[in-house]
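Note that subunit A is present in both complexes that follow, paired respectively with subunit B and with subunit C.
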Partner chain A sequence: MNQAEVTKLMSQLKIALKPRHRNLKTPLGPEGRLDKLRQTVTALIKYERIELFYNRADEARGYTERLVSDALRYGDTHKPMMEMADYWLLEKQLVHKLFKVLCPRFENENGSVTKMFNAPRVYPADPKRAYFKRVVLELKGNPYPTITPDSSYRNKNLIHNVLLDAAMKDFYAEKERQQQLLEQEQTLNSVEESKK
Partner chain B sequence: MNRLISEIAVILRQAENIIPSLFGRYPFPPEPLTVLANQHPEVPSKQPFSLKDLIGDGFLFAVPVFRRTLEVRKTRKIGIPYRGGPEGLKTLQKKPYIKVCNACGHYHERDCLCPNCYAKIKDETNEIKEKIIKELKLDPVDKEVVVLYDGEKAQQSPEFWNGKRIVEMEKARPQWFSKNLMQKSTQPNAETKELDISSTIVGKPSNIG
Partner chain C sequence: MLRKICKVNLIQNNLINSQYVIFRHLSAKAELNEAAESQEKKKTKKPKKALTDMRFKYPEFLPQPDNRLRNPVLERIMRKDMLDRRTQINIPEFYVGSILKLTISDPHSQGKTNSFVGICIQRDRTGLYSKFALRNVIDHQGIEVMYDLYDPAILKIEVLKLEKRLDDKLIYLKDALPEYSTIDVNMEPEILAEGGNIPVNDTVVKMKPFPWMQKWERQGLKGVEDLDKHLNLWRKQQKVKHDSPWDKYDLMKEYRKTITEEEQSEIFSEIFNRINKINEQHKQKAKAARRTISKPQNIG
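And then the complex of A and B:
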């Protein structure tokens, strides 16, 4: 179905990775940490948009990217890949989703498959506690309304911006013409006065 | 000769032990004398100081014992610069990273999402999420979800929706969640002469405050 392609021979991350890991509270040690990350990766694949603390999100993001990238590279007939999917996805119906929904969706994706936004700060924050940053983590191509605001006002070639530019030009041309007329009248008046 | 010297040394050592007791290196008198020394004439003794006389049945709080230095007082009052969290500066600080949202006009931090816009999106997302979860069950997930609002299913033929997992929201599509940016945002209302405010979009910034 999704066999390995020549272009996908290298599994690579399309996000900037920080040189050091993010600390998570894990009383159960390294295994507890992986358990937490598995839960987050499963939730992200399942819900496609989640809001959580930055550390866990940033850490789980890399693993999700790697999982989808590997799935694209190896396809579903690769035994180690299936073991990896079985390990990272706690709900086994999502293994189907990874290969049947996400792989076709991201087949021609050039960038990363996830997006991360800083969630708005909660005001007023508790002054006695340190504030922990929250983020929104999502898969691209989800069915929800887009998070990023409409940035069409920045595009100069859009019709309303072209019209506004033209209107502005007309306005200043008219203003300049009025100014010139005023100056002409003043010079005429001054000449007449000097004649008298 | 040697024997004689050693005997003299022994005698001298014994004498060293005796001398201090004679000249008061150990000033305590022998025991029978101590009894005599304690026999004073009786003096009217003062009442010993006790807190009970002062406070009776009440109680005392702890009080500061040492003076706080000026540095400590100022640090407690103003806080420590360049420290985050509860130890940081307590005075009001300028926040030069506050921006105005281009979509709704609300204030938000430069690197964060606009709280007003995001709250709207979050509510809608959660609603859709709940609908999707209801239909998930334990079946393998093998189709893309298509979210449809009221009256959108009838726009296409039934064959078009074959092979798609459709989640229907039982309400009209929100105006800001546009399916197609090129479609008209206002509906023609030629039949009714009264202006339907709900059907027209008010110019930006609309919902401030």
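And then the complex of A and C:
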């Protein structure tokens, strides 16, 4: 019931968030948790699509979203922002990628910056981890082929296209029939004229 | 639907009168038209700075940030009730560190009032539950009173000195030397120029020797002298052990403690007009009250 902290302004993240953080398995406590998440965030920014267990992916997703939204808000001339990017991105060339590649990419992005998909469990599974959910976490606008089937191409098997095909067939058949009728009429007319 | 999702090319055929033919396959992906795009641009407009700056002045209008405890309908009703209460008494702008004089009706003796002068050491909770604590030292005895900000028993809130301090909470004044929380009960109000920045009082207080109420050395306080001279070796070691320098990098922890910019601007745009009107009315009332005081006339 305490008051909200008001010193810093931040924009709304467009992802579903748990009200409380998840603890990750680590002997190093909260510091170790952040270290794990740093590795994941770095990997996500570097490879743009990674496959991992659900818990860690869902946690790292929020941190990535926050990092990109802050980078968009403050830009690369803001000292605390640079310090934050320096902490979260373990490889320093990725700091450049964040500001020079990702910021222009997500400038006009209305929704979230990342996407998460369910992935199949590996089989045969490690018995300790057999029941862990696996997911694919990716940045939007990555260069890889899409995970969900792309429905933007012209698919002949879509129902409206099947119906359109049939309608087109009927139309040209009708057109041909009318043409034949016309020709017959013309021939008849010419015969009558010749008789006169 | 079909019309929206596809580009349709039409041919009018002479042979079959008034019949149209679609000859292109449809794609299942929606293509946004220009109108929709312009709408999206409107959506992403940045909130106004004047609105989001109200968060410092009226922090109690923002809901508490824990999503599990939030109730949007209740919040809205509370905001309306708070504004209604503000039409009755003038609740001025004040911060932790400001010196206030509060007059409250006495529940135990009808028609009588109590007043208390003190430094505001804490502002807590939100909505109609919002509270603040005043502290003063009277007859060598430290006294703290916690008041509800929207308590209907409160008759008057006066700001004697409007200023901020280096910390968000001054609870450490309990263990500081009494001179830092001793305030003259008959203090005259200091009037600040309108529209200027609120001055920040950067006094650094000296603490009393042990025992303390809290482990102040672990809280990263700015308005307190260097505490190491009070600590023994064990306590110094514990301070290092419990320090968490990585906390400032925990972006989501920070995020979960705040209300986002979009939501803030929505809340403050809802109350903006009415609260300005109420403030204006209180100003005019105060002006009128000042005018009625006239000079004593010499008779004879």
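The rule is short, and it goes like this: the second predicted complex is superposed on the first by the 132 of 196 C-alpha atoms of A that agree within 3 Å, B and C clash if a C-alpha of one lies under 4 Å from a C-alpha of the other, contacts with A are read in each partner's own complex, and residues count from 1 in each chain.
Please note the rule applied: contacts are C-beta pairs under 8 Å (C-beta built on N, C-alpha and C of every residue); 3 or more make two chains touch, one makes a residue touch a chain.
Remember, it's a predicted structure, so these values are computed and weren't measured experimentally.
Engineer: Once the shared chain is lined up, is A:P27 touching subunit B (first), subunit C (second), both, or neither of them?
Structural biologist: Touch partners of A:P27: none, neither subunit B nor subunit C.
Engineer: Can A:F171 be said to touch subunit B (first), subunit C (second), both, or neither?
Structural biologist: second
Engineer: Please indicate which partner A:P124 is in contact with in the superposed arrangement: first for subunit B, second for subunit C, both, or neither.
Structural biologist: Once the two structures are laid over each other on A, A:P124 reaches no partner at all.
Engineer: Between subunit B and subunit C, pick out the one touching the greater number of residues of subunit A.
Structural biologist: Partner with more touched residues of subunit A: C.
Engineer: Is A:N108 touching the first partner subunit B, the second partner subunit C, both, or neither of them?
Structural biologist: second
Engineer: Look at A:E51 in the shared chain and tell me whether it touches subunit B only, subunit C only, both, or neither; answer first, second, both or neither.
Structural biologist: A:E51 contacts subunit B only, not subunit C.
Engineer: Output the subunit A positions appearing in both contact lists, the one against subunit B and the one against subunit C.
Structural biologist: 151-153
Engineer: Help me check something: in the complex, which residues belonging to subunit B touch subunit A?
Structural biologist: Where subunit B meets subunit A, its residues are 84-86, 101-103, 108-109, 111-115, 117-118, 121-122, 124-125, 128-129, 132, 136, 138-147, 167, 174, 176-177, 181.
Engineer: Mind listing the subunit C positions that touch subunit A in their complex?
Structural biologist: 2, 13, 15-16, 21-23, 25-29, 40, 43-44, 52, 55-56, 59-60, 62-69, 123-126, 129-130, 244, 246-247, 249-264
Engineer: Within the complex, which stretch of subunit A touches subunit C?
Structural biologist: Where subunit A meets subunit C, its residues are 1-6, 8-13, 17, 19-21, 30-31, 34, 59, 62-63, 66-67, 70, 84, 87-88, 108, 110, 151-156, 158, 160-161, 164, 167-168, 171, 174-175, 178-179.
Engineer: Taking the complex as given, what residues does subunit A use to touch subunit B?
Structural biologist: Going by the criterion above, the answer is residues 46-47, 49, 51, 93-97, 100-101, 105, 117-121, 127-131, 136, 143-147, 149-153.
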